[in-house]
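Presented sequentially are two complexes of chain A, the first with chain B as partner and the second with chain C.
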Partner chain A sequence: MSTNTAVRTKKSDEDKKLAFKKALSTAIPYLGLLILIVLFQILTGNFLTASNLEAIFDQGFTLLIASMAGVFVMATGNLDFSLGANAGFCCVCATLAATYIHPIASIPVAIIVGLIVGMVNGFAQTVLRLPSFIACLCMMFILTAATQSLITGSSIMMPVSMMFWETFARKLIFGIIYMAVMIVMFKYTRVGKELKTLGVSPEAARQSGVNVKKRIFLAYAITGLAAGIAGFWFMLRTGGAATTTGQTTTSDVIIAVVFGGMSVSGGASSKISAAILGTLIVTVLNNGMVMAGFGGDPQQLVKGLLFLLVIAVSTKRDPNVIIK
Partner chain B sequence: MGASTPVVEVKNIYKSFSSTRALQDVSLAVYPGEVRGLIGENGSGKSTLSAIISGNLKADEGSMFLFGEPYAPANSFEASEKGVSMIVQEQGTISTVSVAANIFAGRESQFCKLGILNSKKLSAEAQKLLDKVGVSDIKADAPVAGLSFEDRKLVEIARAFYKLPELFIVDETTTALPQKGRNILYGLIKMLKKEGKSVLFISHDIDELIEVCDTVTILRDGRFIATLEEGEMEAKKMKELMVGREVADNFYRNDSNCTCVADKPMLTVKDLSCGILKDISFELKTGEILGLAGLSDCGIHEVGKAIFGLLHRESGTVTVGDGTQIHTPSEAIKKRVGFMSKNRDTESMLISMNIQENVVLPSLDHLKVAGFFIPPKKEKELASEWCGKLNVKMRDLKQSCAELSGGNKQKIVLAKWLGNGSEVFILDCPTRGIDIGVKEAIYRIMEDLKSQGKSIIMISEELPEVIGMSDRILVMKDGRIVKEFDRGPELTENSIIQYMI
Partner chain C sequence: MKKLLALLLALAMVFCLVACGGGNDEEPETPDDSQGETEDPGTDDGGETPAGEQKPFKYGFISWGTADEHGRTLAAATQWAVEAAGGEFVMDGSAVSAEQTIAAAENLIQGGCDIISFCTYAGEASVPQISKLCQENEVYWTMWDTTIADESIQEMINQDPYFVGTANEDQYSAGYDTMQKMAEAGATDVIVVKYGVNIPTCDDRCEGAYDAAEELGINMLYEIVAPEDYKAAMQNALVAYPEANAAFLAGSGTQSTAVSAAFEEAGKSDYVIGAFDYFDSMGEMLQDGSLKVINGGHMVTGTFTAVMGINAFFGTPLSEEKYSIVIPYLTLTSYEDYELYIEYASEGAAYTSEELQQNCFPVFNPDVTLESFQEFVSNWSIEDIAARKGAEA
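On to the complex of A and B.
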């Protein structure tokens, strides 16, 4: 009898240890963000000022839109490599629509173009059965080429009348609504819950009644739509479109989501909060490095090294996750 | 026997996996010419022990001796060089290369001249070995990918017999082998015994152990319980030592007649053809347990998958009680049909997700509020209700399914379909690889479902459970239903087997 109790106490001790480990792994992204903020405040002295925080909000806004949608595809264990190119292409289309049709036309054009691109991505994978990687990579090449052929020179301008469209209040309100919709869809509806299961095992998901093709298609459609929205905000922010618009978005989304505590291979660890937290981390990192006087190349180097570190640590944390 | 030096002796072995203690202070000695059985419930540590002896795992504490010399193999290859070879439960062959390459994997150098492999000689040697083991119908230069699961096991056995092993470890291989393969294995064990070599035989099948082994060691919860000598080995006693309490006599159902209630079919399968399956037709009555029996590659498993809509059907229809036809898993689930795959970890559950996520997955539609919103509270209620009813041993609902034992995983799969209100349960090998305690619990759940008027299709390769549980048995051979039996006291394994082979 006495040995029995001993074993049980021992077990609950180990349970506690396990719970602590779990809590720690959830806390790591928050700790990382805190460390970065403190570090940059010490290095620059004026990191935590109202004007810089607003700058961070502006810089991170489009990344937030893109990465929250990116989670939907990443949860399934796939990556949408065409996300940034899609946003860039939508930005071009919106600028052209605003110039040649009507400024208001830029909104539906950006959204519809983005959605169609996403749906084509989904179609290529579910109906034509192309591997995700190939389909999205090809889409990226096609969109980049289209963007470059539509832009004469290195950039085009949107109508001057639209310069005042972008206000802090509008962005804030849109941002809050967008986040609310994405959070509910991912956490509290069938769509989000089922997408997560695809990252674990499509066959097991199918045997539990998940319509695998429909869900994959939907994930790419959502991401495409979000790329369109991001493209529209890109246009307002930069006053038009350039051949480089959206170029770093794809990698920034992947880095942000992983920094936020999600596995690149999706599945059980997928969470929408990873996109929000990760966007904050990446934006703070970008902003802080500029303020601390890092040039473009060292910035990429630091980001790359940190990414490697996070992947190494996060994969060790969960023995069931294998990076594809 | 006691006087001679043991072939292998393990002393005070401890082994833990993160939070679970797999082995605690286990000691064991196997003597020349002895066939030692090793038995215990899932999680009792028998596979861990054999993995340590065969060099696949390292013990945390304790020592091992081979013929009295200290023995600490770095890996399974070193162990087999020293004479300890193991056949594992799961697949252990490389499917992309030939049979011969598999047999001599890691030993190719002897067929090399100046760095070039003489593949003709390799094949010839491999064939000689296959013939010696008694499986000449497997060709050495055939690719392993083309072989059945059973034949692959036989290739592994041949590999282990390249050099006559001093200790041959068989880890639940027989569950994967049909009768022919089993007989080959039994023959080899007898031969080893005659040569003075020894065998460590791990199996779930108590009757098989009694027949094959000289002595049997019983493990429970990672501890040594007892070693029974010849004459002491008795099924009931062994079961009790494994479980740690008395085992009820009515392991299966105790009524011996068909007791299905109405004639109204819950499921009608008509002229179903699909891959190996040819013209499968049957009706599943209300409150019926319908057993599907046959050899593992005769199509019984495909029947379950095809009904549930997982396979592409060439022809035929599957109709549920209200007259609607089902074609896909989602349609089947909507019509309250649930399917438990025989591949528990890869198909019937999402292994790295938590218990709650697994249980509620097919029921998400029922939990919706306002047409789309799924409140976390309702998810939790559903999961805890069914995990409670089925007595799942778990820390909490957020525990990852990967940490559960086989029996508890199987309960989670059942909870999933029960929570979703299923009326028809297709259970493919519901008790495969799970221990007696949980097996019994699953049989009781099946009886309970039956008494509530739900219907079950039980697909199983274990005849005793098919006979013990079914109201009606369909025997299959080569993709066709060849015979139908009704439940009755005079039904025996032999009367069914003759239709299977």
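On to the complex of A and C.
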């Protein structure tokens, strides 16, 4: 009898520990963001001004687009390494379309190119059965080379008339619609749930009736589409395309999603909110550190240490490999 | 619950930003009144802004970081000029792409910078956006290591009252001079190593080198372009062209060690390497003779663009028009040159505060003119450093 009680007590303690750890890993990103905002407001005195919040919105906008889509692939336990290169390539195509066809043509061109690239990634994995890591890496090299060959010099410029396309109101409206679509798709449709199931175990998902190939293909198509959209907004923000456009997007997406509290191994704990929260954290951190006068080497050091801390707290310690 | 929270947070940001956007639109844009508004309440009655006034300022410097020799010395040399004029130096060292350069400009401006400077390392398409940003926020700006190739961009920024000008190096002449010095050191058959494709800086240096080679009768045997492994690429080139006795590195000077190793392994001892961009072990290579010419020291582009921006902010611009200044490279051809550089210029402090004040800022010395400033800039050389520091010693 006493042995049973002892076992129950031990189990209860373990449950409490697990619950605490889960609550901690959930709360850390929110707490982190709050601490950062308060800290930067104290350090700078003008962090929460209207103009700075608008700057943060501008800076985080394309990252938000990319990272929300990135969650769809990351939920399956994979990473789309070609996301940034795809966004850069779409940016180049959009700029060329705007210059040589018509400014309006840049929108469908960016979206279609991005989508095609995403579908090719999905095709390579589901039909050709190439490992995700290899397929995306190859695509990244191809797109980087294509971008460099399409750009003469270090950058190409979009038509000057498009400089005024990027307004706060347009970005805001688009952002709201985009977020709503992505949240609904990931949280309230079968797509999100099945992608998370795939992240836990593709075999279990298959036996549960999930069309694995179809879902993986769809995840990469969504990411590709988002890369196209991000590429279009990159063009408007940077005034054209450069060989460096999108260069850091893939790593920024991973950092943002992890900062937002999602494990890179995907699975059941995957959440679309991690992309929103993580984008906010990364952007606030970049902006606040420069405003506070720590824009040199300390910026990288602090980001590195924080990233390490978040990874340490959020990563599942199981035998699953990060990249499948 | 947490997902709901995330959504609420996002919505909160959205509502917050709606308010922000509305508030900002109402701010009037009166670029020419900026100095009077911020610094001299006495001019509220619509009077003129006092000219030639030294006043506190914050200087924002945008670069790719300080991990390399050029990035480190550039930041230090810029900071030196800013502090010589009594300002506060703030840096954003994360700008490796166009979007990050724009974000850096936004962050520095939000941080209260009155002047910013950057280079078009990540492409010049973003220049109009930064121009727009600076005009909206009444911030002066300059560009270092930059020549704008696109005429429409140049035209656009020429209309910007806050754009002051640019500073850059004469790449063609530097390439030409380097090849001449290599010829003097015995180079007759050269392999050219380009660090990138379609990079104007690299291409201009090579063009100068090719022209000099043609005049001097030097054989330009082969061109290696953007190698991942410099040593392997050079080894292959030496197999194909065993007569090669020299290498011209149009950039990435740090790879001189790899190129030198390739020559050594090919059994050559009397070879000539001429390169661009300083690196840590260049002293040893100059001493043992494996490196004959190395160009660098262009961190002063940061110093002089800072001078240009600060003078505009003080209300004493050196020219009413936009202007560009050309900075010579600091060319080292011996270990003695290297020692001089290390002792007096490697930490950015190539000039004393007093030298900068007396030669660059009309607020400290009213005799400073654009011509005298340009002459001061063009004197930048190892001989000039030796003369100035020697006299002080």
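Everything below uses one rule, namely that the second predicted complex is superposed on the first by the 286 of 324 C-alpha atoms of A that agree within 3 Å, B and C clash if a C-alpha of one lies under 4 Å from a C-alpha of the other, contacts with A are read in each partner's own complex, and residues count from 1 in each chain.
Just so we're on the same page, a residue touches a chain if its C-beta (ideal position, glycine included) is under 8 Å from a C-beta of that chain, and two chains touch if they have at least 3 such contacts.
Predicted, not measured: the structure shown is a model, and the values here were computed from it.
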{"item": "Which of chain B and chain C A:N121 touches, first, second, both or neither", "value": "neither"}
{"item": "Which of chain B and chain C A:T26 touches, first, second, both or neither", "value": "second"}
{"item": "Chain C versus chain B, contacts on chain A by residue", "value": "C"}
{"item": "Touching partner for A:N211 - first (chain B), second (chain C), both, neither", "value": "first"}
{"item": "Which superposed partner A:T44 touches (first chain B, second chain C, both, neither)", "value": "second"}
{"item": "Touching partner for A:Q247 - first (chain B), second (chain C), both, neither", "value": "second"}
{"item": "Which of chain B and chain C A:G267 touches, first, second, both or neither", "value": "first"}
{"item": "Partner chain(s) touched by A:S201 [first = chain B, second = chain C, both, neither]", "value": "first"}
{"item": "Sites on chain B touched by chain A in the complex", "value": "18-19, 308, 310, 328-330, 332-334, 339, 341, 346-354, 357, 361-362, 364-365, 368, 372-376, 395, 400, 402, 416"}
{"item": "Residues on chain A engaged by chain C in the complex (per definition of touch)", "value": "26, 30, 33, 44, 46, 49-55, 57-59, 62, 148, 151-158, 160, 163, 168-169, 172, 175-176, 179, 183, 187, 234, 237-248, 271-274, 276-277, 280, 286-287, 290-293, 295-297, 299-300"}
{"item": "Residue numbers on chain A that touch chain B, as the complex places them", "value": "11, 14-15, 17-18, 184, 188-190, 193-194, 196-197, 200-201, 203-211, 267-268, 318, 320-321"}
{"item": "Residues of chain C touching chain A in the complex", "value": "2-3, 5-7, 9-10, 13-14, 16-21, 23-24, 65-66, 75, 90-94, 96-100, 102-104, 106-108, 110-112, 120, 122-129, 132, 149-150, 152-153, 156, 197-200"}
